[in-house]
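Structures are listed in the sections that come next.
There are two complexes below, and they share chain A, which is joined by chain B in the first and by chain C in the second.
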Partner chain A sequence: MTFKDLFILLLGPELWLTFLGFFLFTLDLIFPRAPKKVFGLLTLLAFVGGLVLVAAQVLSPDLADEVRQAAQENRLGYWLVTTFSLDGLATFSKGAIFIGAILIALVTVDYVEKNLREGIPEFYGLMVFSVLALCFMVSSVELITLFLAIEFASISSYILAAYLRGDPKSSEAAMKYFLVGATTTAAGLYGMSLIYAGTGTTYLYEMTAQFMPQLGETGVAFSPPLPVLIGLLMMLATLGFKVAMVPFHGWCPDAYEGAPTPITAFLSVASKIAGMATLMRVFASGFGPLSAGWVPILAFLSLVTMTFGNLAALWQTNVKRLMAYSSISQVGYLLIGVAAFSPSDFQTLLGMSTFQGSEMALPGIFYFLLGYAFANMGAFAVIIWVENWEGATDRESFEGLAQRSPVAAALLTLSFLSLIGIPPLAGFFGKFFLFGAALSRGLGWLAIAGVVNSVISAFYYLEVVRRMYFFPPRRPERVSTSLMVSSAAVLGVVGAFAIGILTEPAYQWAMAAFFDVVFAPNISFR
Partner chain B sequence: MSVGQVVFWLAAVGAVLGAIGMLSSPNPVHSALFLVFSLFCVAVVYLLMGAEFLAIIQVIVYAGAIMVLFLFVIMLLNLKRDEFGQDRLFRQYPVSYLATAVLGAVLTTAGLAVGLRFSEEPTLLVPADRLANLLFTKYLLPFELASLILLIAMIGVVVMVKRPRGG
Partner chain C sequence: MEGLGQWLYDHLLSLILWTPVVGALFILFTHRENVRQIRFWAHVFTFLPLAFSVYLWIAFNPPQMEMQFVETYDWIPVLGIRYKLGVDGLSMPLVVLTALLTFVSVVYSPTAIRVREKEYYALFLLLETGLVGTFMALDFVLFYVFWEVSLVPMYFLIGIWGGPQREYAAIKFFLYTLVGSVAMLLSILILYFHSEPRTFGMTELIEQQPLEGKGILQVLAFLGFYLAFAIKVPVFPFHTWLPDAHVEAPTAGSVLLAGILLKMGTYGFVRISLPLLPEGSQVFWAPMGVLGLINIIYGSLVAMAQDDLKKLVAYSSIGHMGFVMLGIAAAAMDGRSFTDPVLRDYKVIALNGATFQMIAHGLMTGAMFLLVGVIYERAHHRDINRFGGLWSQMVVYGSLFSFFSMGELGLPGLAGFWGEFLAVLGAFQLFAWAGLAVIGIVITAAYFLWTVQRMFLGEPKEAHSNYPDMNLQEHISLWPLAVLTFLAGVYPKGLLTIIQPAMESAVEKMTKVLGGG
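The block that comes next holds the complex of A and B.
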């Protein structure tokens, strides 16, 4: 393969999204009278095309070898190899992000027509660019690139969250999101400079290579030198902000409530997948040898995050706020998987030891994320379904939904059941993998906390279900919606079912995502 | 004293005086101009240290772009001190004096510990051409990302401040 072919294949989804983003921005200037729906459909096309390109990358059999070889022969630019990586982790999360983005684009069109009067083309353009930013985020393997990608994603999300101009809550959402985001980003940048001071490089895998000799043959994890540990924890502030982990969750409920609902869905699905993938890249594969330093901290934060999210969700009366706290608690479950990381996992990542199925939590995290993305999107599609009709998202709007639209009520119920973790839906197997890994790593208390939390979460999810089925409707008329929104809801629920039933292939794919993650130490750095 | 030392002392004293002037001036426009002067003097110190790129950026971005923006805002809003009303932060004054004193003590100690030395000929710490080279080779991808960030920030500002049609 020539450099040009390889370059296009490597950066395919990113190039495509950049092109379509610019296209959306300029199309409105050339044809100001074009119907606004066109922009929505083009956005959908952008995400579908992105998914196809990611699929092409996954299916092209020897892309990884090709890249490795080209990097060793200096055929691929040094600048590209040391900043951008297309490993399994990147392709898997890009795939998940695009799936989420497609469903979000489906629910956006109607919402925009109903709620936005100004700047509609820019809204779609910014959506495309924020997905582009997430793609860069999950692919970057170098701290400066990573910082800029996170900043790119954050800034476009701030703008999107503030898009409902007439609604003070939207401004509040953007303001809080921005202030917390700016603070944590500053902390993260400071942490990166500490890490740079401690290791002398900004390239993640060069750091790994530096720490590798200390890990040695015995495979005992050790704690990093103090400046690096502090730097790592400060970076955790930025990543924790992106995934809404306690104690960096303060923006989450207000931002979720005030932002346009499709953007809320975007923040809780696509943004969270990217944040989680980046967190795993930095912690598990970049700083994997140092796990003794960060595993206890993440175990503690996991416990706090899920407990706080679930307890606070019990008192919510607005379904969008409820979803915010629910998504915080889901992050808590995900962090169990990160906390169950051990040095032997790192050796598996390197290919030093063979894979021992259920002991390793990392594939479980990805499996869980995929299931979460589908179920959450199903739930948000129904919320938008109701919101477009009722103009509100408080609990009372959902009362008697089973009579007003049986399909919507059934779909929301199924999505919630998956989020609680009821078999055979995806949520159950996701939790099964994560809690199982925690048990086998001696983190039994964390697994028990997870189970207890799942039970607590059933209360507030089922409260909404109870209102839909056993309360009389406030108004008698049916709640109908367009084909796009309902198909998004159906796709979300079908996806949650499919991931749950086809556990084995989905898990295999998630597992494959980790095999070539740490290939980079093989290439020469200078 | 060599020429370099004379220039350093002028710039250093100028930077401190500019900062003091900024804080004590009752007129916001004067404050901003004092800050421009102070930042400019710091840029001279950077230049003497051999950080030419940093010095140029300091002048262009801080003393130039940002402070001119400040001036614009101050002049557009036509702020005067008595329009701010009663200073409500007076309780924080002691804390701020304390913090300033501690920071000053730490920096002075650090400076004395290292010892003030003037090198005979200024060395170039980071030549601008090497920075440029890095920017367009090793850090090409972040560079492009930064341009995209600036683009969406601009678009975002335009979207946010555009007056709603008919409103």
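The block that comes next holds the complex of A and C.
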């Protein structure tokens, strides 16, 4: 294969999104009278195409070998293979991001028609570019590239959050989002320079290669040199901002409430998947051998994040805001998996010790993310379903929904049950793996905190369910919606069911993603 | 034809388990206005599992100690999680009881449930699957799945069709149970990580005894399970959800709550806590016994103080479940009780009593809640003191009510006697203070007789003169329970021969661990 072929294969989804993004921006100039729905459908096409291309990358078994070989033979630019990786982590996250993005595109069309007057083509264009940025984020294996991808994603999101120009809440949302984002990103950039000072490189795998030999001798993780640890923690600010981890969550409730609801869904699903994947890449893969230094910190942050998110969610009266705090708490659960990472996972997977069945941490995170994406999208689709009809997302709008639209109420209930962690929905198995990982790593207290939090969370999710089922309808008329929104809700819930019952293939895929990340350092570059 | 019959026989448990879900799907695709058809499907799809489970009872081979009708399929092989079902003398009667009580509840429901019937029957069928699955599952993950699945429909049944305080009762029920289940989940994971090779299989784990001699870890795992089961039973002081849930639930919901859901807890103790964590059980045998006694005496005393008939029946359940806990405590008792074969036999007797009591209580309390529903539909209140002289106005109702009251208070010759008698007999031989349970029996007799006296004897009241006696649905739902209560009372051997081998097997497994020293 020539460089050109490989390049197109390697960057297929990204090239496709770039093309369609620009096409959306220019289409309006050429055909100003084109119906606005066309833009929505093109966006949907962009994401479906992206998913197909990722699937093709995953399913073509030769591609990885081909890339590896081409890299060794110097046929595929050094600059490319050292900055952009197509390992299991990247393809899994891209797959999950595209699944989320497709569902988001489905719920966007009606919402845009109802709420936006101008700038519609750019709205869709920016959505495509945001997803493009997220794809780069999860593939970046070099700090400067990573920084650019994060900035690209953030700036697109700032604009999208501010899109409801008539609504001061939307402007407030974007402003807070921007200020917190700018600060934490600056901190992250400074952290990267500290890391460079400590290690002499910006390539993540070179850092792993530096630390690995020391791990090999002693077999236990060790604390990194202080500048590197400080730099790592400053990078955690950036990534923590992206996933809304306490204490970098301040923007989250206001941004979720004020932003257009499809963008809220985007921030809570696609953006969060990319953030978590990057966090895992930096911490578990890049700085994995140093885990003794950062595991206690992340374990503590996990506890604080889930507890804060759940306790604050108890007092919310607006469902969009409730989803913001709920998504903060879900990040807390995900961080259990990162904290339960141990460098012995490396050794197991490199064949130094046998598989124990207790290496649930990283596959658990991937699985959890996928389940979370489905359940959260199911929930947001129903929220938009109600919002398009009622014009509001306060809890009162959901009263008696079970009789005004039994399907919507049932779908939202099932999504919430998955988020609580009731089997056989995906949310249960996600928590099962993560709590199991914590227990097997001597983090029993974190597992206990996790289950206590699950019980607390049941209360506020069921508060909405209670209003939907136990209250009389506010108005007699039924709440109907378009086929697109309802199918997004159905797909979300069916997805949560499907990967809950077909746990094995989903878990296997998540395992594959994990293996790849850990094996990636074996690729030699020069 | 031969092949099909064999296939059905091999998948009997799955058939019982999944038929209700099929029924729920049928109902979901029926129009909500078409109430007749919805009811028809509900009747059909609760009758089929009942018919299958009667066949299960007939085909069951009592002397066999191992699990029967086992079905095993891989579910998540990478973690050793399987879809494994099986029944023995402990779970088989509970499966049949579940199918029976669900059926009679559905038969009874049309007289009481008039709104949102589509959701009602769909949830009811889903509930049956959850309950039956809990008793059949032999893999811990599968067990947990069904345990939780049974929680959700009951939440809605209480919350939508319940009494005035229904919302509070529903969320209280849900949160209490969830606290217990998540604690159990952690215990399950601890067991998994100490097993070698890794497995979630119940029988495999009991064989392996992964936490044997692990001291504090075994105790912690025991406490995790204890919390889940004790809340479900409920054991004092975890009982406070019960009066709310039972009183506020619709009649059919109360029947299943008292008849089956409480047994999930006691089933867990006998199936899991005792044989899998014998050392942990042994540490806590005395507290379990004392709490069992408190259940018996406290539950009965509080029941006596009730004027609300439904509350009275609810608290009587707390008392009756105390006898089960007493039998379980006797089985867990330490000392030389495992080396002495005579004392070991008393353990088996106490456990026999406990399990017999589970079935008997399910039959009789189910019937009592139905009877409460019958009078509530006519009087629209449940205040015992406002009734009086009903027997002459509702002859059949009065007779049935008195019959089941006699059963509840433990009259020899009816089902209630044998469970209490055997549990106390076995426990008394092991620790004499179990004899205090007799106080509870006396109080129970007192309040049930007093209730019959207040409601049915004395001068007939004018206000009740136009109450019709029981209608056809009420007859159909109550008579099977009455017949079985009588049969189990005069011929307890029929049930005991089924239960006994499973109890012997449980005690034997404990002896293997504890009998050595």
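Heads up, the rule we're going with is that the second predicted complex is superposed on the first by the 504 of 526 C-alpha atoms of A that agree within 3 Å, B and C clash if a C-alpha of one lies under 4 Å from a C-alpha of the other, contacts with A are read in each partner's own complex, and residues count from 1 in each chain.
In this text, a contact is a pair of C-beta atoms (placed from the backbone, for glycine too) under 8 Å apart; a residue touches a chain by one contact, two chains touch by 3 or more.
Since the model is a prediction, treat every value here as computed from it, not as a measurement.
Steric overlap between chain B and chain C is absent once the structures are superposed on chain A; the two fit side by side.
After overlaying the two complexes on the shared chain, residue contacts for A:W79 are found with chain B alone; chain C is out of touch. Here the vertex is the CA centre of chain A, and the angle it makes with the centres of chain B and chain C is 150 degrees, a multiple of 10.
When the shared chain is aligned, chain C comes close enough to touch A:F470, but chain B does not. Of the two partner chains placed by the overlay, only chain B lies in contact with A:I144; chain C stays clear of it. By the document's definition of touching, neither partner reaches A:T481: not chain B, not chain C. In the superposed pair of complexes, A:G125 makes contact with chain B only, with no contact to chain C.
Once the two complexes are laid over each other on the shared chain, residue contacts for A:E504 go to chain C alone; chain B is not touched. After overlaying the two complexes on the shared chain, residue contacts for A:I155 are found with chain B alone; chain C is out of touch.
Minimum C-alpha separation, chain B to chain C, in the superposed model: 39 Å. The part of chain C that touches chain A in the complex is made up of residues 32, 74-81, 116, 119, 141, 144-145, 148-149, 151-152, 155-156, 159-160, 166-167, 170-171, 174-175, 178-179, 182-183, 185-186, 189-190, 192-193, 198. The residues of chain A lying in touch with chain C in their complex are 356-358, 402-403, 406, 417, 422-424, 428, 432, 435-436, 439-440, 444, 447-448, 451-452, 454-455, 458-459, 462, 466, 469-470, 503-504, 507-508, 511. Listed in rising order, the residues of chain B touching chain A in the complex are 137-142, 145-146, 148-149, 152-153, 155-156, 158-160, 162, 164-165. The part of chain A that touches chain B in the complex is made up of residues 18, 25, 77-80, 82-84, 117-119, 122, 125-126, 129, 132-133, 136, 140, 142, 144-145, 148-149, 151-152, 155-156, 158-159, 162-163, 165-166.
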